[in-house]
Structure formats: C-alpha cells, structure tokens
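Worksheet: one structure, shown below.
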Amino acid sequence: MLNVVLGWLGTVLISIGVFFLFLGALGIFRLPDLFNRLQAGTKATTLGVVSTSIGVGLLVKGWLPFSVALAVFLLMTNPISSHAVARASYRAGVKPYHGTSPDECAKRNLDFSGEGEEK
Amino acid sequence: MKNDTPKVFKSIFALFVVAIFMIGLFYAFVSMPKGWGVNVNNRVSRLYILKNVRTATRLLDSGKFFAKGMKPLRAEVPYKPIKFKKTANLEDGAANVVTSIVVDYRGFDTLGEVTVLFLAASGVMMLLFGKRVKPKRKKTEPSLIMYVGTRIAFAVIFLFGIYIFVHGHLTPGGGFPGGAVIASGILGLFLGRNGYTPNHAGLKVFESLSGIAFVIIGLIGLFSVKSFLANFLPTGIIGNLYSAGFISLIYIAIGMKVGSELAAVVDSMIGDTKEEWS
Amino acid sequence: MIIYVATIVVIVIIITSLIAVFSKKLLSSIISMGLVSLGVSGLFFFLQAPDVAITEAAIGAGLSTAIFVIALKKVKKGETKDEE
Amino acid sequence: MNIFNNAALLIGIPLLFAFSIPLFGFISKQLTKWVTIFVIGFNATFSLYILLAHKFPSVVVMGNWVPPFGENLYVGPVAVFLVTVVSLIGLLIAIYNLWAIKGGDVTRFSVLFLMYIAGASGIILTGDIFNLFIFMEITEITSYALAAYGPERRALGGAFKFLVVSSIGSTLYLLGVMLIYTQLGTLNIAEIAARIGQTTPGLLTFAGVLLISGLAVEAELFPFNGWVPDTYTGAVNGVSAALSGIGAIAGVYALFRIVMTVLGKDGMYVLTYGKLDLMAVIAILATATVVIGELSALTQKNVKKMLAYSSMAQMGLVAAGFSIGSTLGVYGGIFQLINHSIAKSMLFLIVGVLVAAGVGERIENFKGLWKRSPFLSLAFTIGAFSMLGFPLFAGFWSKFAIVGASIQRGGWYDFIIGLVLFASVAEAFYYLRIVTYIFSSTEMEKPKIKVNLSPAIPIFILAVAIVAIGVYPNLIGNFSMQSAGEFTHKMKDYVLNVIPTITAH
C-alpha cells in the first residue's frame, strides 16, 4: 500500500518537475532580456529539479537521502549563483528591457561603488 | 615583435604537422592487432602468475636465472610469490579497484603526482611572491546574499569533499577530487567577501604536514615490510570503512594536501603583490 | 541509447574546443575550455570511469577555469598599468 | 638490515624534506638552504657508498609488489654512477646558491632546487616507463619555475619557452607510452624490453618516434632545443649550471634508456625493430645539433649565450657517441656527458660570480681578468680547455674515446670523427678567444674581484676534478665502462636482473 502511494507521489512530483522545467525552457525562449530569462531559468529549474529529484527518491528505494541532500544543495546554490550573475551583469551595464518598470536598482541608487554595504 | 611570415604559410605548416601526426596515429591504430587492445594471451598476470611463479621459486633457488658473473639479487630477501585472495576477492581489500591500482600497486606514481602538484603550487607561489599591497582600484563588494550563501554552501561542500576522500577506497573518488572540491569551496569564500584571506601559515603547515604524513607512511612500509609504500596494515573485510589497509590513510593525506595546495594557489593568484628584490 | 548521448557530447566537445581555439576574446576561450572539460568529464562517466569523471569535473571545469579567469584579470590589470 | 633495499631513500628523503622545508622557512630563510645542502649531501654520500661498495645491481621493489606488477627502482651500474654525479654536482651548486640566492621566495626556491635534483635522480633510478614520465614532469616543472626565478624580465621569457616546448614533449612521450601499453599491457621497462618484438612493427616505429621526440626536449637534441639559449641566458647562473649539469644527464639517460634498452635489440651493436633504424635517426639529430650549436656559439658576444649554445653542441656530441652503439661508443658518450656537466656547470658558476661582481656577461668585459682575479681566470681556462678537448684535461679522453669507437665501428660511422674534429675546432675558436681576452692586459686599472668562500669552494672542487680526471681518466672511466655494458647487453645486464623469471623474448 505504502509503495503504491509513494509511487504515485513520486510520479506526480516528477510530472510537476518536468512541467516546470518545460516552463523554464519556454521562458528562456520567449522572455525579452537577460534578467527575465535568468529569472525564468532559475525559478523554474530550481523547482523543477528539486521536485524531480525528490520524486526519483520516492520512486527508487534507498535514494531518498541522497535526493534530499541534492535538493537542499540545489536550493542553496542555484538562486545565489543566478543572483550573482544578475548583479554582475547589471553592474557591467546590461540594460533591462524597456518594459521593466520601475527599475528599482536605478531608483534606489544602490551603492555599487565598493564602499562596503556591510563588512 | 613583428612576425613577417604570411599567415597562410603558418597555417599550411601547422596543418602539415598535424596531418603527419594524425596519419601516424591512424597507421598505428590500423596496424594494431585485432581486438583493439591488449593481447590477453600476453597479459602480465597470465605470463607470470599462472605459468611461472611456481617454477620461478625453484629456479631462483638454483640460481639458474642469473646471468654469468651476476650475483643473485634479493638473495637475502627470498622470492615470495604473491598470494592472491588474501582478502575476500581482491588482494588489497579495496572495494574500488581503481583506488587499489592508484594507491597500492602504483603508489609511487601517486606520490610523484602529489609532488608534481606541490611543485606546481610552489612555482606559482614563488613567481607571485612579494609584499602584499592593497589593490588600487576599489573592488565591488559582493552582496549580503553572496556572503551568507557562500558561507553556508562552503560547509556543505567541505563535508562533501571530506566524504569523497574518506570513502576513496569504497566509492569512486579519492584524494585528488576531494581536495579539489574543498578548494573550490574555498574559492566560493573568496567570491563571497572582498578581502577574504585564509590563514596563510595554517595552509602552509597543513600542506607540509600532510605531505610529510604521506612520505612517513611510505617509510613505515620501508622499515616494517622492507618495501617503500608497502601496505603494512591488515586489509580487513572488503566494503567496510575500516578496510584496505593504508589506502584510506594515504587518501586522507592526499585530500588535505591537494585541498590546501589548490586553496593556496587560488589565494596567491587573487591577492595583489608587489615584487621586491633585496 | 548511451552511444547517442555520448555522440552528442563528443560533438559538443569538438565545437567548444574549436570555439576555444578560434575565438578572439580570451575570456570566451577560457569559458569554452571549461565547457570542454565538462563534456570530457561526462564522456569519462559514460566510459565507466567515475573516478576520473569526478576529478575532471572538479579540477578541469571548476578550479582551473577559475584560476585562468583570475590570471587573465591579473594580466589585463598589468597591461592597463603599463599604459598609464 | 640490507642497505641496498633502502635505495628508495634516495627519493624518499628528498621528498620528505621538500615537503617540510616550508616549515623550516618559518624559522629562517637561510636555514632552508642549509637543509637543501644537508639532504643533497645525504643523497651524495649514500649513492657514493653504493657506488664504492660494488654490490649492485639490485632491484628495489616499491609497495611490496614484485617488478612486473608494481613499480621498481633499478639500482644498476649506470643508475648508481649517474645518481652519484648528479647529487655531487647538485651539492656543489647548492653550496654556491647559499651565497647567490637572495631576495624573492628563498624557501620555495630551496624546495624546487631540492626536488629538481631528486627528480633527476628519480629519472635515472626508475625502472618503470610511466614513473619515468612522472619524474620527467617533476624535473620539468621545477625547471620552469627555477628558470623564471630572478629579478630580470628575460628570465620569464626563457622559462615560458621551455614550458611550451617541454609540455608538448611530455605529451608526446605520454602518447608513446600509451601506444606501447596498448600493445603489451605492461609499463615495466624490463618487460617491455624483453617483449618488444611482440609489438606490431609499424606501431612500434611510431611509438618510438613519439618517445624520442618527447625525451629529446630535455636531452637538447636538434629540432627540440629551441628553448636552450633563451632559458639558459635568462636563468640565474646557479640554475643555468643545474640545467646544463643535472638536467642534461637525466635527459640523455632517459633518451638512451628508451632507445637502447627498450626499443633496441640485444647484442654488440644496437639496431632497432620496426622499419626505422632509430640509432641512425639519433646520429642525424646529433650531427645537426653539433653543427648548429657550434656555428651559433661562434657568433655570440654574450658569454652566457655562448655557453648555452656550446652546451647544446656538447649534448650533440654525447648523443653521437651513444649512437655508435658499441660498448666503447656508449662509454665515450657517458664520459663526455660527465665531463660536460662538470665543466659547464663550473663555467656557469664562474660567470655567475663575475656578473655579481659587476664584470658583466659580454666578451669584452673579460679583458684583463687575470689581473683582477687569478683564481677565476685559471678556473675558467681549465673549464675551457676541458670543453675543447685539450690533452691532459678531462674533455680530451672522452672525445678520444668517441673517435676510437667510431674507428672501431667503421662504415658510415667514420663521419663522427669529422664531427668531433669540427666541434673541437669550433670550440677552440670561441673558447680560446675568451681565454686570450682574459690574459690580455689592459691599461685601465680595475678593482680586484673578491670571491666569497661559498662560491669559491664549488668552483675550486670542480676545477680540481677536471684536472684530476684529465691526469687520471680511470677515475671515472672505470665506472663509465661498467655502465656502458648495461645499455648494449640489455638482456644479460638489465632485463634478467629485474625479472629473473621472464620467458617471453
């Protein structure tokens, strides 16, 4: 009984993951500028990969600890790396899509000069 | 410096050299016997284990195998055929066969490889040696997210690196990848905060001590089993954490060494130095 | 099945290595070198050498790419200093 | 306890101390140089003991796996003799470095210098074709870093050239090793040597060409020696001395161990399997090296560059001696190699002292040196006479042996006589030019050069060694003769000692 439930749960999780991965891919094709694409790529793939890996962990016996560890690691690193990419590209002078309004970064005039925000 | 050779000639020459090389390689592989690999009948193990070792001991005792005028070598150490199947199914007890080749059979090579890495790191540090100066241009301060995130990720990466080299004799991996993983975690720390400096003296001490540990393990083998880098510990039951003799010890030493060395290389590359010659 | 994946990986390796050779910018050369290393590590995995694959991924794709980028940055800094 | 099984210490102790020198560096920078001297001194005494005890050959087993399975060191006549020479010259250069190396990262310099000598010893001692590659890497990586040491910018250029050339070389060598491994399934030199006939001839030819190309980089043979002049000129003088005195020995040894023992046939004259007579190839390369090296050295005004080209030419002579293939030829080659490394390292050390004293590297600067420093002038003259093969100096006997070997061999090998004569004439021209400059008088009064004790000791010892060998050539001639057999009679003197149970031949 438990196996059946776990199997269904795993399948559903994998389906959700695959759907979000598809959405991420679609977003990378359709969205206009770097920041939007990055958002689509990261947000969708984070959820997609995490739920896929947990689903696989539920389906295959004994893989759950590994897949949970994988998911935690992905949750920690994936957003940070895309945050770093976005920040670096903004600083390097990549202009956001003109429909992006308001440009919070420009408005708040964030201190990028290197005088430390926090030490 | 200006180079007047036309580009076309250069390209033609390069193509010529590459073509010769490729033709040679192609010819070499075509002329290889069928099977694309080692001729199994001539394999080392067959030649020496299945056919010869039994008779070898006898012939060695009679001294027939030595050339005239040559004293028998290893006269004082009697020739012992290797006993396979000492452990469950492998002769040195490592579940990961690659590891037993790398550390046990060819441990001397591995010591050499570690030395190569050590020397490369030493060379980089020697070239970039100098007084530390503050960078003239101000660097961008990474955001808070990076700062916190890299620190948390570092713990996980560090743990993973340690796992890789401690389980080197059980699962794929070993000292080199483990050390590299640890070093990449430290690289993340560099990215996370400006002016992050690891403890230089600590890195140096770590590097030296782990290298010394490797050589001393070898020397213990020399003085206990009379052979440098010999496995002097019991091999245990295959698949256990405490098995395979000294392989895990050596992998721990290698992992610490590689990790601290690569971290030191990254550190000396990132830091700005000014040359000074007294 | 795995032979098709491996073929795709090999093609990717060839393309990225050509980019690494012919690209005008050193930075893109370095990045594509990292991609070559990643592909090679995948190939090692397909060829059932997980040890080598892990090592290649950690050193080739991760660490050496980073060190190359740092070195490039250092060299460029030196160039600008000389010009000034 | 048997001391010969402990020959692994020749590698192990330098490694142990190389790893721990950074710890000594915390105490004092000067201490690290003394540690280097101590360790190389240990190597020198230990190998000298083995050499004089006459109990080799012995096989040192690594990791308790007998030769074809694990790795082994082969402590044979050649290995012991060359290791002794390498560590003695290394010891002298380390004593010189005590004075010469200041500034920069002295700790790392000590590490690299120590490992350079250990790597060269490893190349000579090892009995495994892949382990040879590892030690080659060790020596080459240390050489790049050592050659780049120093405040001068040109050092970096020379080191970079060496880096590019020798990384290509070692890749080619590795490819050759791979081809042989696919054929025979073993990496042990003795086993490959015994079973080399089982390989496909075409593949063996290609593998042989790859191996020779890889090893010729460090042996400074013609198409692969473009790095020599710039690297030698750019490097600090102690390092140049080490490169020409130690690296050359290891490179030539590795090259001829592969060509003659691994790829060669057993017997009096070495021929090769496959479609190519590799010894003829070596002879052609050696001829080209000698001609190009000597002609380039003639035109140089910079003494250091001249020495570099001369070093190239001398290595060509060594290779020519080896390529004769008979025992006498190999004897001449080894003898010439030893003489070259003694004399050339001494000349580089002298130039180092002169540069530090503000004399300079140009030929004109040597004018009137006799009045400024009789000791250095005399030593330089001795070295120059030995290089050009003046009778009663060391170089004479080796050139004589090479000529004798080529006469004995006959056939087209007679041209090596002409080669040696050409080299001697050219060397006489450019070395005697400097010697006349040294003894010519100048009107300008220049201050005397004060030579410290630390550089004076090695120069003195090397000069005395040259004269001693010149007067009594058997001093090293005996050892060279003992060594020569190992290259030419590979089954009797090498293979059967390593693997007594071998059957396939």
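So that you can tell them apart, the chains are marked A, B, C and D in the order they are listed, and the count of residues begins at 1 in each.
Basically, a contact is a pair of C-beta atoms (placed from the backbone, for glycine too) under 8 Å apart; a residue touches a chain by one contact, two chains touch by 3 or more.
Given the structure is predicted, the values throughout are model-derived calculations rather than measurements.
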A correct list of chains touching both subunit B and subunit C reads none
Chains touching both subunit B and subunit D: none
Taking each chain's centre as its mean C-alpha position, how far apart are subunit A and subunit D in Å? 59
If you average the CA atoms of subunit A and of subunit C, how many Å lie between those two points? 24
Let me have the rounded angstrom distance from the C-alpha centre of subunit C over to the C-alpha centre of subunit D, please. 37
By the touch rule stated above, which residues of subunit D touch at least two different other chains? none
Connecting every touching chain pair, does the picture come out as line, ring, star, complete or other? star
A full list of chain pairs that touch reads A-B, B-C, B-D
In their complex, what parts of subunit D are in touch with subunit B? 2, 5-6, 8-9, 11-12, 15-16, 18-23, 25-26, 55, 57-66, 68-71, 102-105, 108-109, 111-112, 115, 122, 128, 130-131, 134-135, 137-138, 141-142, 144-145, 148-149, 151, 179, 181-186, 191, 195, 198, 200-203, 206-207, 209, 491-493, 496-497, 500-501, 503-504
Which subunit B residues qualify as touching subunit D in the complex? 24-25, 27-29, 31-33, 37-39, 42-44, 47-48, 51-53, 55-56, 59-60, 65-68, 70-71, 73-74, 76-77, 79, 82, 104-109, 111-113, 115-116, 118-120, 122-123, 125-127, 129, 201, 204-205, 207-208, 211-212, 214-216, 218-219, 221-222, 225-231, 275-278
Within the complex, subunit B is touched by subunit A residues 72-73, 76-77, 79-80, 83-84, 87, 91, 112-118
Spell out the residues on subunit B that touch subunit A in their complex, using ranges where they run on. 138-147, 149-150, 152-153, 156, 191, 194
Quick one: in the complex, what on subunit B touches subunit C? 96, 98-99, 164, 172-174, 176-177, 180-181, 183-184, 187, 262, 265-266, 269-270
